[in-house]
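Labels run A, B and C following the written order; every chain starts at residue 1.
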Amino acid sequence: MTAISDRRQLAYIAAQAADARVNVELEAEGMTLNIGPQHPATHGTLRIVARLDGEQVVEANPVMGYMHRGYEKLAEVRTYPQVTALINRIDWLGSFANEVPFILACEQLMGIEAPPRAQHIRTILFEMARIANITLFLGDMGVQLGAVTPIFYAFRDREHILNQIESATGGRFHPNFDRIGGLKDDLPAGWIEETKRSLREIHKFCDQMDDLIIGNEIFQARTRNIGVIPPDVALSYGLSGPNLRASGVDWDLRRDSPAGLAYDQVDWRVWTHPDGDSFARYWVRLQETRESCKIVEQLLDSIPAGPIMAKVPRIIKVPEGEAFVETENPLGVMGYYVVSQGGLEPFRVKIRSASFSNMSISPWLLKGAYVPDVITILASLYFILGDIDR
Amino acid sequence: MMLAVEWFWLDWPWWADTVVRLIFAIVVVLLPAGVTVYLYLFKMVSFMQSRLGPMEAGPYGSMQLLAEVGKNLQKEDIFPAKADRRVFALAPYVVLLSTFLLAVVIPFGPQATFINLDTGVFFALAVSSVSVVGVIMAGWASASKYSLLGGLRAAGQLIAYELPLILAVVGVVIQAGTLNLQGIVTAQTEGEIFGFGGLGNPYFFTQFIGFFIFLVAVQAELTQVPFDMPIAESELVSGYMTEYSGFRFLMFFIGEFATANIFAFLGATLFLGGWQVPPFVHDLLGVDANWQYFNLIGPGVMLAKMLLLTFVVYWVRFTFPRFREDQLQKFAWKFLIPLSLLNIAVTGAFKVWL
Amino acid sequence: MADSSDETTTEEPVVDEARSALLEAIAADLGHDLVGSHLLPGKDLWIRVSSESWGATAEYLQNHQQFRFFNFLSVIDWLPSPYGRSNDSAVEVSLAQAAGESIEEADQTLGTGYGGGSTRFQVLARVHSLTTNLGLTVKADFPEDTLSVGTWVKEYPGANWHEREAAEMFGVHFAGHPGLTALYLPSAFEGHPLRKDFPLLSRIVKPWPGIVDVEPMPEAVEPPTAEPKLSPSASTENPQDVPS
């Protein structure tokens, strides 16, 4: 704060030239900049009220609720199968991944388990939702930093995955395909080969992003040492997913508690990065996309034969109890705390969404950052508004 | 035909002369702007980004620009409630004025000049900074915090990059021995590379450091990516242009792209031999360097060279992320300016001792 | 103390050594502050602490049990829905009355979850230990008079937003929280939406799932009240005998 930057000098000169009232506003109280809710960098309706000193953020307060839909209340008046239609809309870029932990929680309460084939296909679709989600991030980060081209590549190549999800489930964005006890349908004919082809496109896309963004010196200069999160802080704020692994914490629920999914049958690794800065978060996500492709490719070759639905009563009544199941979703750990009192509807559903916790670190993280870095940090944390506001 | 060519140096009454020059100035500014916007901004970039770009308005969307202009002309001219109305309204004109002032010194043929100043380079670089005033006016008068930040960023950036721009050109001036742009073109045509005069001596070869700095500085002057912090769509929501709409926004838009072309014209004049074709073509055609038909050919040659340079501008624009404000300043003061000073020293040494 | 070992399913003879060891350690350290627990072998572990020791529990879990990862914090309202379990709005009640159905009498006894509890509101939080890879759900009762427990923000700064959300949604208070302002709701909003007695307005305005939207078939001569209700909950609970 002692070294006056060029920016502050310019702000100071401009303030001198202006009338006294504005002068007072600029110097004494700082300027309050309202970023959002209609700001392009908040992709959605997040609003950040930032107090600026020159271009440095003194204090940043996220304001939310512009998209609060009250899913926890709505879930209480819907039957268990109906709830999945709601929770599809939480993280709308990786919708299938939202369904899985809820279904697993219900299955745990009912004491049933999906047949191996269903678990396999579930895992495949789960990972494809992750690819579809993170692909967009990989391009979007470029846009936030001023490079517009990558996002078009991201949209182009995400389409391959979305087409596959659509042909398997019938829905591009909101499959609503997972059922308590299994899946709605089996895979269509020829799907496996098609999917392998689209995964090759994603591999190509990842290499392209490696060249275009990771290899770009300006990108590195803009992201390295920006928004550094130490591992302890990350854990106590409840950061999860790639954001946590970019801080060097080696924790991935896919590896550490893969119950109900088929991750333990494939060969893959968890990527971490020691730096904890914005670059690390981008890098980890890029590696994870490649890893997801590897997982899906292996799973496609080893889908077991068998039914896709376990024996489930036609009218689903979940026995009394409580269950919390969390999975490693594209954005981080997502979990559902389901309380059942034995009825057709859940008594209470607490949705633990990843972005909510990931964003709760932002007031701490944005303090002292410059306005351009605010955008970098927000982009690298990668939130989805539906996942924050629910 | 002869008559048409002789227009340029016939004795016209002063008012007719002025009108003709005015019309040509508008053509020189607007026509290339339209061409590059369609060719590069709409089409080339679309192909780079694996999309088609406009396809509906006219064949291959070639009328899209007219549609855009029509759309912007119909829009409501909005003044923000707390804006300084006069300054706010004036700002786009100031920006556009700088573009036109810049255009008038650029030669397009042996006689096809609007004005042939002895200090052409000096004049061009001087008026190019007028746009800064317009940008600051726009940023300040908008009464918007985003615009203010954008305007201040633009001011800091444009001042920082005036210097390398000027210093990069100094090398050319030393080598040519004149500040007259027509003289610089002649010097490049008459020069020779190691005794071979077939290509002349475009300063692109000897002043490649200067050329590089010139391109970088122009990119920054134009506030194009990677130096587009004043506009910074994802941060400042178009910066000083945030509050503008309709016709005034259109003027900023034209100013942005027309200035890119004019700087490309200037770069072509300084580094690529200007309106002249390579001298071996003279020998092939059996004409001398001041053949009067060059007044007609010259603009075409300039257009081709301008398209070459603007291609680089747009290519870079849609490839790189943007710098941060302090990184940009560091880049200018710690890298470009020392490098351009070194370039001047070396050029001077060659000029004196060789 | 550990009251619920009989609740665990007896079909699974799984012995969860890690979780029972953890439970024993917590029981030894917390003493009388641990008022209930529930262990599902191989699945999960719940503990319930006294309301007064809620804030201190965070410090204990973080520093003595290596529960570094803060997962979430929320509140459960154990009040049964005043309209009965499956009839969730007054409209459905009146519709059911019009159809001459018997309405399930609202059972006003408070429910209890794993770990027990006697009050209407219960706070629950979940933490995760990366060293043992075990998750732990901690619960505590809200005292009926003050509806206030200690805050976890000091130990787990991530609890900040979770507590704000819980406070506005349930109308509870976390003592010591730095700024317990509304997170989602507009400042003029009245009521606490996730409480069970807060009516879901859309259900009152329009019965689910929008019966009024569906035009009767042209040939339909039955009075609308005799039609099978489209509400999934009601229709599955009480299969109707449609007069033909």
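Heads up, the rule we're going with is that a contact is a pair of C-beta atoms (placed from the backbone, for glycine too) under 8 Å apart; a residue touches a chain by one contact, two chains touch by 3 or more.
All values reported here derive from a predicted model rather than from experimental measurement.
Enquirer: Among all chains, which one's averaged Cα position is nearest the averaged Cα position of every protein chain shown?
Expert: Central chain: A.
Enquirer: Please name the chain that ends up farthest from subunit A once chain centres are defined by their CA atoms averaged.
Expert: Result for the farthest chain: B.
Enquirer: Calculate how many whole Å lie between the centre of subunit B and the centre of subunit C, each centre taken as the average of the chain's C-alpha atoms.
Expert: Roughly 66 Å, centre to centre.
Enquirer: Can you check how far apart subunit A and subunit B are, centre to centre, with Cα atoms defining each centre and the answer in Å?
Expert: About 43 Å separates the centre of subunit A from that of subunit B.
Enquirer: List the centre-to-centre spacing of subunit A and subunit C in whole Å, with centres computed as mean CA coordinates.
Expert: 25
Enquirer: Over in the complex, which subunit C residues touch subunit A? Could you list them?
Expert: Residues in contact with subunit A: 9, 43-44, 46, 62, 68-72, 74, 76-77, 80, 85-86, 88, 111, 113-114, 124, 126, 130, 133, 135, 137, 155-158, 160-162, 169, 182-186, 193-194, 198, 200, 203, 208, 232-233, 236-237.
Enquirer: With touch defined as at the start, can you tell me which subunit B residues reach subunit A in the complex?
Expert: Those in contact with subunit A are residues 48-51, 140, 145-146, 148-149, 152-153, 155-156, 225-226, 228-229, 232-237, 318-327, 329.
Enquirer: Which of the residues in subunit A come into contact with subunit B in the complex?
Expert: Where subunit A meets subunit B, its residues are 5-7, 10-11, 14, 18, 31, 33-34, 39-41, 55, 142-149, 152-153, 156, 212-213, 216, 218-219, 221-222, 370-375.
Enquirer: Using the touch definition from the top, list the residues of subunit A that touch subunit C in their complex.
Expert: So the residues of subunit A in touch with subunit C come to 64-65, 68, 70, 72-74, 76-79, 82, 108, 111, 232-233, 235-240, 249, 251, 256-257, 315, 321-324, 326, 333, 335, 337, 339, 341, 343-345, 347-348, 350, 352, 356-357, 360-361, 364, 389.
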